[in-house]
Structure formats: C-alpha cells, structure tokens
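Each of the two complexes below includes chain A, the first together with chain B, the second together with chain C.
And then the complex of A and B:
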C-alpha cells in the first residue's frame, strides 16, 4: 500500500517535459557558464555551477515524485540514493574521459546506466511501473548533473584534475553525494500523501538545493576564497525565499495550522 | 605508536561513540523517524489525529549521513582553509549540521500533514517550536561525537580516509544501528502500550498508537523521555561496542606489524562475532522463556 492513500498518477501544474528541459538545460548552462566565466572573467562566477545543480535537483525531485506516486512509499529514500549512485559513477567517468565535453558525456552515460537499471527493474524484477525506464533515465541524469554542478562550484572548473584534487581526494564528494541525494529524495518524501501538490514539493526542492549550494560555497574556500561569499549568500537567499514560499503553501494546503490546541473532536473528523 | 596510547584512543572513541549512539536514537525518537514513523504517519488516516512530531526526512542512515558529512565537511574546510584548531572546527561543523538538520526536520514536519489534508490532521506550531530545538540539540551531540571518532581515527590511528568521507560512513553506521536497535523500543512498545506486551502488531491495531500521556496529550518529548530509559542507552552501547571492538582487533593484533598479526586480527574478529551470535541467541531464548509464549494466532496476524 502506498503511504497515504490510493496510488494516483501524479499530475501537476507544470508539465514533466518543461521540468525536464529546465533541469537539463539549466544544469548544463550553469555548469558551462561556471567553467568559462570562472576562467575568463572571475572565479566569483563558479557559483553558477551550484545554480545548475539546483535546476537538476528540482528536476530530480519531480522525477522521484512521478515514479514514487506508483506506491513506492518507503522506496523514496532508496530511489534518491540510487539516483546519486548512478550519477556518481557516470559523472566520474564523464569528467575523466570527456575533457571539455565532460558534463555532457557524464549526462549521457548516466542516462544509459539509468535505462539499464530501469529495464532491469521492470523486466527482471517485475516491478511493472509504466514510467520506470524513463524515470530512471531522468533520475540518473539529474543525479549526474547535480554532482558535476556542485563539483564545479567547489573546484572552480569541471576539469578532472582539479575535481580530483579539490573534491574527490579531500572527501567532499561524500557531502555532494548525500546533500544532492537528499535534495532529490527529501521533497517528495516530506510531502508524501494523497493531497500532495507539485508546487509545494518542488519549492522544497529549491530549498534543499539552496542548502547544497551553501555547502558547495563553503567548500569552494579550499580551492580559492573568491567564490565563497557570493555562493553562500545566493544559497542562503534561495533557501530563505523558498522556505518562506514553502511555509506559505503549507498554510494553503494543510487542514488547519494551529498555534496550539487539543485534538480535533469526533464530530469534526466525520 | 605505543600500544597503550592506541588502547587509550580506542577507549575514548568508544566513549564518544556510545554518546553518539544514545543521542542519535533519542533524536529520532523525538521526531518519530524511521521505524515508528509509518504508524505515526498512518494514525490520522485511521481517525487517530495526534500531537506527535512526525519527521520523515528519510531513513535514519541517510539523514545521519547528511548531518555527519556536513559537519565533517565544515570542520575539514575550517581546518584546511582557515587553519582552525580541530576542536573549534568540529564544534562549528556540528553546529552547522544541526542547523541544516533543523531545516530538514521542519520541512518534513510541515509537509506530511499538509499532504494529508483529507484526514484532518492539524499542524500544531507549538509542537514545531518545542521539538525542533530538542532535535537540533541531539543532532549536535551526535555529529560532534561522530566527528570526534572520525578525527581520532585519522589524526591518531592514521586512517587513510579524509574526514568528510569517514564522517559520512560513521553517520550511515550510527543511523543504521539506531534504526535497528533503539527504534524497536519506541516503535514496538511505546507506540502500542495499549496492547499486551509482546503481542506484536495486529493489522486491526494499525495506526492506533497511544496518543495520551501520563498527563495530557502525548508528544515526541514524552517519547524520548521513555526511550531514554532503555532504547537510547542500548543503542549507545551497541554503537560503542561496534566502534570499540572493530578497532580493538586491529589495535591488539596490528596488521601493519606482520602478516601473521593480520590473520590473527581476522581470527579475533570472527571469534568476537561468534561470541555475539551465541550470546544473542541465549538472550532471546531466555526472553522467550520469561515473557512468552507468543500466541499462534497473533503470529499469523
């Protein structure tokens, strides 16, 4: 049984295709802008990578939301971890062999890994979720772009040498893995239920992306402190505005928000 | 390194891990995370609205991995880029991790009832205001202790992994142990004090959690008060033993000394595991003899 009532195919005000485009284009533009502006104008611009990662996180959260509405109650955290698991393999491979095309190769190889996992889940394990293959491709792609985006902000570039020195060897890849993964899985996990709304869930995606951005900004101090303050400040701004928006939407959607009080009476529950 | 210093460090790590395990379990109990969460989540659907903090961040291993990795990352950045003292860096890392954890707790607390509007579970802001600082406090203690364990492993015992990665791994471990050890105390007993001890969860009782306390309505802090008597400490002992014993075999039989020592450490580890299995079996049989027998129909249910 799905936690929170009948499994319904999740719809939403924003069509999946728009969010997919937002995630892919936003993610890649952010990553490349960070890389080029960083080397051409100023290292300050490496915060763009984290903005790209936020686009990917929101896309991933929407993909999780669509696939998990098929009754994957307790599977939501697992699918988020799976996303980053596929993403980390693909992004390391892509960045290591790709050079300047690294993020794109990472993204494509993530999509291939995702497709294989999706086919295995549906055909071999027999999960029979109609959108499984597409969702796995999306989730893996979002995971890969999240990792590359945050790594770019931390290292100032996505060139493998620097990423290896500033992100992987000092272990910061661990925090990318978990903060990115939680950004993708937590929004739907927190908003699970029959009265879930897309805008509220995705606002939470922005909020958790903001936290990941703050962390990436903090780590960028190791590679050079120029990008640290702008990245942290933009991250805190995104976090604050989306948190305020989330609270507003919670007030809109919840049955009642009470300062305090006793439980609803029997008559009220009828 | 002197073997005696190694043992001393190991004892310190074991002590820090014991505190981390206990605070991790109590943190999850205040917010009904993990094992007990599904029933707290289900209760309003079964017409049992409640005033218990429902914190579905994710499973405990990922959420603890998140706060420990954030703490480890912050501490590592402060030590590398700003040459801060380890103690101060670890304290700052734990503080930042606790703040992020608080944000995750709040969004989980607000999100679920809002997505269950039709079941008429109100969002109580006083519960939010009173419980979130407690959750953050416990998560601070957990992160701090995990970072102490990780830092000692690197600085004194010469572990090759960097601090954020080691903290991440210990975070997953403490979450997994807290989830499997301590939460059972809350999920199986505290939530269902209205049924016979050891009865198991009959399907008809799903969602029928105890919602009244010794005085007034029950909340998450009442639950942590109950779990602090047994579930929290037992999680602490389990995690402390895991850290201490897994380090003990390689400190006494140091694989770096010789190949024979390496094999002896493996043998010692296997013996320890065997002792644990036999010991656990004895406890289970004794508990069944003392509190059983479990009834057939309830097993079937």
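And then the complex of A and C:
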C-alpha cells in the first residue's frame, strides 16, 4: 500500500513537516496518477485517487491533533466540519475552473480560505492559539485534497463534467463530505486524553481512510471509467491492516485489559 | 479561462445576498441554546450537543424545505419563509424532545444559572439549579431563543441556496441543484463553526452574557462568506 508505512515509533515522533509533505505530495500524486493512468492505461487505476485521499486524511488528522491540543473551547468535530466546509467550497471551485490544474487550484484556494479563517479566529475572535493560522491552512488543504481524491476515485477522473455527473448531481458528494470529515476529525476525537499517542491516532486515520475508500469503491460502480473491485479490495486491505494495528496499539497503551463478561443475570445478583 | 469580471458584474447581487445569508447564519448560532458535552450530562443549560450539529440539523432542514418550495415557486419571500419554518420546526422538535429527556429521564427541572429570573416567565431560576452545575434543561427563555435562532438560520440558509440557484449559468437543472446544495452546505458549516469558536462552545440564548460578543463572529463570517460567495458564484457562473 502506498500508505508510506504507519508511524511505528512509540510516543509519536514523526515531525509535522514530514506529515505535511506526505499529505500534500501523496495527495496530489495519487490524484494525478489516478487521472492519467485511468485515461491512458486502464480504469483499474482509479483507486489511486483514494490512496491520495488517505494521505490527505492522515495529514488532516495530524493537523487536528496539533491544533486541538491547545483546547478550542468546543468539540473536536467542529474543526473537522470546518475543514470539509472550506474544502468543499475550494475544491468545487478548483475543479470547475481549473481543468487539468484543478486539484492544484483547489488546494491553493483552500489554503487561502484557511489562512483567512485562521487569521480571523486569532485576531477577531481572540482565540490566541499560536499555530491557528498554519493549522487552518493545513486542515483546509487536507479537506480539499480528500474531497478531490475521493471524487476522482468515484468518477475515474477529476474533469468537472464527469465529477458533476457521477459525484455531485447524484448527491454522493454528501457521502464524501461526511466520510472525509470523519477521517479528519474522528482519530483525535476518539484518542484524545493524557495517554494520546501520535502513532495510535494516525493509525486510526488510516483506518477511517480505508472505510472512505471502500465507500468510494462502491459508488464508482456507476461510473464507466472507474473500476469498483480493485478500490474495494485495496480499501478493505488498508482497513483491516490499520484496524489490527490500531487494536494492537490500543492494547499497548492501555494499563490493563480485563474481560468484564456479560451483565449478570437476575439470579446471579441475588 | 473564465471571464471573471463579466460573471461577477452580472451576479454581484447574489454575492451580496450570499454574504448576508452567511452573516445571518452566524448570528443565528448565538441564539441557539448549545450546551455541549456538559449539557449532555445535565450540568449546563441547553441542548446536549455541539453548535455544528445543531446548526447543521436545523439549517439543512431549512435548505430542504426551501429547496422543495423553490421547485414550485420563484417568489423570494416564500422561499425564505419556507426555509425559516423548516429550521424553526427542526429546532423546536429537538429542544422539545431534549426537554422531555432532561425532565422525565434525567429528572432535573429546567433552570439557568446565568440569570436570577427568566426574562420571559419571570420564574425564579437560582433556587432550582443543582449544586456544582451551570444549570440544566431548557428554561422558557432558552427555548424561545432557540426558535429565533432557527428563524434566522433558516432564512440565512435559504438565502444562500436561492442566490446560488439564481446565478446565471449554463448548467442543467439537476447538476445546478447538486452543486448549489453542496456549496450551500459548505458555506453553512463554515458559518456555524466561526460563532461556535466565538462563544467558546456553549451559550444559553440571548440572555447569556456571551451573546454580546456576536458582532465579532458576524464580522468574521462577513469576510469568510464574502470569499466563499465569490468562489461559489465564479464556479457556478463560469460553467
């Protein structure tokens, strides 16, 4: 899998810059590879878009992890929904006007919207989180790449006519919105606390990405230029591997695991 | 490439209306009694979930009702009213069921810890607040405030959707509905999160001292929505 390997170092020592590079490069390479390999060689390669989206999801999850450790005053889900809200506006714009440069324009416009919201959050709303501007840029960018990546897998290309026909008009974009948002917001929301470790959180990001990939694969059955089976099979593989890894890391980080059994019956209570 | 100037000059009214809609959504969130996680444990006044979930629930219902009316009528006041009624019903039902759960399930009386007397019913509040909590349940003033929030949010959401749907474009109706809906949802979420950060995640309604902070959020939403409106109108108008 192109996942680049889950961060294996205990305690989570993967530097933010590495994950940013992994998310941007992995995301864009996956999206463009899906588009070109799909049109030149075979629709089988449409799964590459979802791999790109997984890179972006993991990056987004790490950015959420960094900014939310400051305490937003509200729940973690809000920032995931903000990411996808900014991302969907930027990515629809990018794909609609950009043509072959669509994903890049989507990414850049998401970064601009993110920067402005980050500045507003710190300067006007007075949140005073030192990394707010950078994190908002990252989260919006990750949201845009996630949407473009999953759309590319569903439609087999990121050309706007096909995306409009196969993803937006039937409403599958709403599925991307929630599945992608879950991928970005859920890992930290589920793992937060004093015992939170980067590797466990990001492994959960891969796992959510796997689920999003399987869903994108199911949807891609309707588009002629996208292949369903490879996407679903690779998605299930990523989901299973990362879920097993996540379970292992959860056992590693927990103090003790005890089976509590089922609830006692009425007779046993007496 | 698309002709930016001519698209914008033809649709400048819709850019303004979308921005106005976004600001209304932002203001509406301040009226909704959001209790967050503490309210879920009946330790703070309001509905026990986050701003985004509540605003999204009410706002998206408003979008659906506005969209349904838009299919049969093109009168702007009627579409705005449909959006407002949809969002108000959704918000009222959520608060009513929430109030049942708090009263009959958890067993707490609705009470606010922020004020001594309910400004609407003049009922004493502080006597009924359990020790160690910030109030619980939904007092009348929070309920009324929430319905006002639904009204403003529904009008805002319907305004955004109507403007996007009215932008001059070469898209077919099916594609335009899909694209306008997802743009409206994106703009709605952005404008639901900004005020959520402004109020620090929880608010009781218009009687809460935090309510006075609304100009900050509305100003932030003005800038963020204006940008999103430009992007959205350019994307839809350029097709």
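Couple of notes before you dig in:
Just so we're on the same page, the second predicted complex is superposed on the first by the 244 of 270 C-alpha atoms of A that agree within 3 Å, B and C clash if a C-alpha of one lies under 4 Å from a C-alpha of the other, contacts with A are read in each partner's own complex, and residues count from 1 in each chain.
The definition used in the following text is that a residue touches a chain if its C-beta (ideal position, glycine included) is under 8 Å from a C-beta of that chain, and two chains touch if they have at least 3 such contacts.
Just so we're clear, the structure is a prediction, and the values are computed from it rather than from any experiment.
The superposition on chain A brings chain B into a clash with chain C.
Touch criterion met: A:77 reaches chain B and chain C at once.
Residue contacts after overlaying the shared chain place A:182 against chain B, while chain C stays out of touching range. Among chain B and chain C, the chain that touches a larger number of residues in chain A is B. Of the two partner chains placed around the shared chain by superposition, chain B is the only one that A:260 touches, whereas chain C remains out of contact. Looking at the shared chain after the overlay, A:159 reaches neither chain B nor chain C. By the touch criterion defined above, A:196 reaches chain B but does not reach chain C. Contacts of A:171 after superposition: both chain B and chain C are touched. In the superposition on chain A, A:234 makes contact with neither chain B nor chain C. Looking at the shared chain after the overlay, A:215 reaches chain B, while chain C stays out of its contact range.
Touch criterion not met for A:150: it reaches neither chain B nor chain C. Comparing the two complexes, residues 73-74, 77, 81, 169-171, 173-174, 177 of chain A contact chain B in one case and chain C in the other. Those residues of chain A whose C-beta lies close enough to touch chain B in the complex are 3-5, 73-74, 76-77, 80-81, 169-175, 177-179, 181-182, 185-186, 189-197, 200, 204, 207-208, 211, 215, 218-219, 221-222, 225, 239, 243, 246-247, 249-250, 253-264, 268-269. Residues of chain A that touch chain C in their complex: 72-75, 77-79, 81-82, 84-90, 92-93, 96-97, 109, 112-113, 116-117, 120-121, 124-127, 160, 164-165, 168-171, 173-174, 177.
Of all residues in chain C, only 1-2, 36-37, 50-53, 56, 171, 174-175, 177-179, 181-183, 185-190, 192-194, 196-198, 200-202, 216-217, 219-220, 223-224, 227-228, 231-232, 234-236, 238-239 touch chain A in the complex they form. Within the complex formed with chain A, the residues of chain B that make contact are 38, 41-42, 45, 47, 49-51, 56-59, 62-63, 65-66, 69-70, 72-74, 76-77, 80-82, 100, 103-104, 107-108, 110-126, 161-168, 211, 217.
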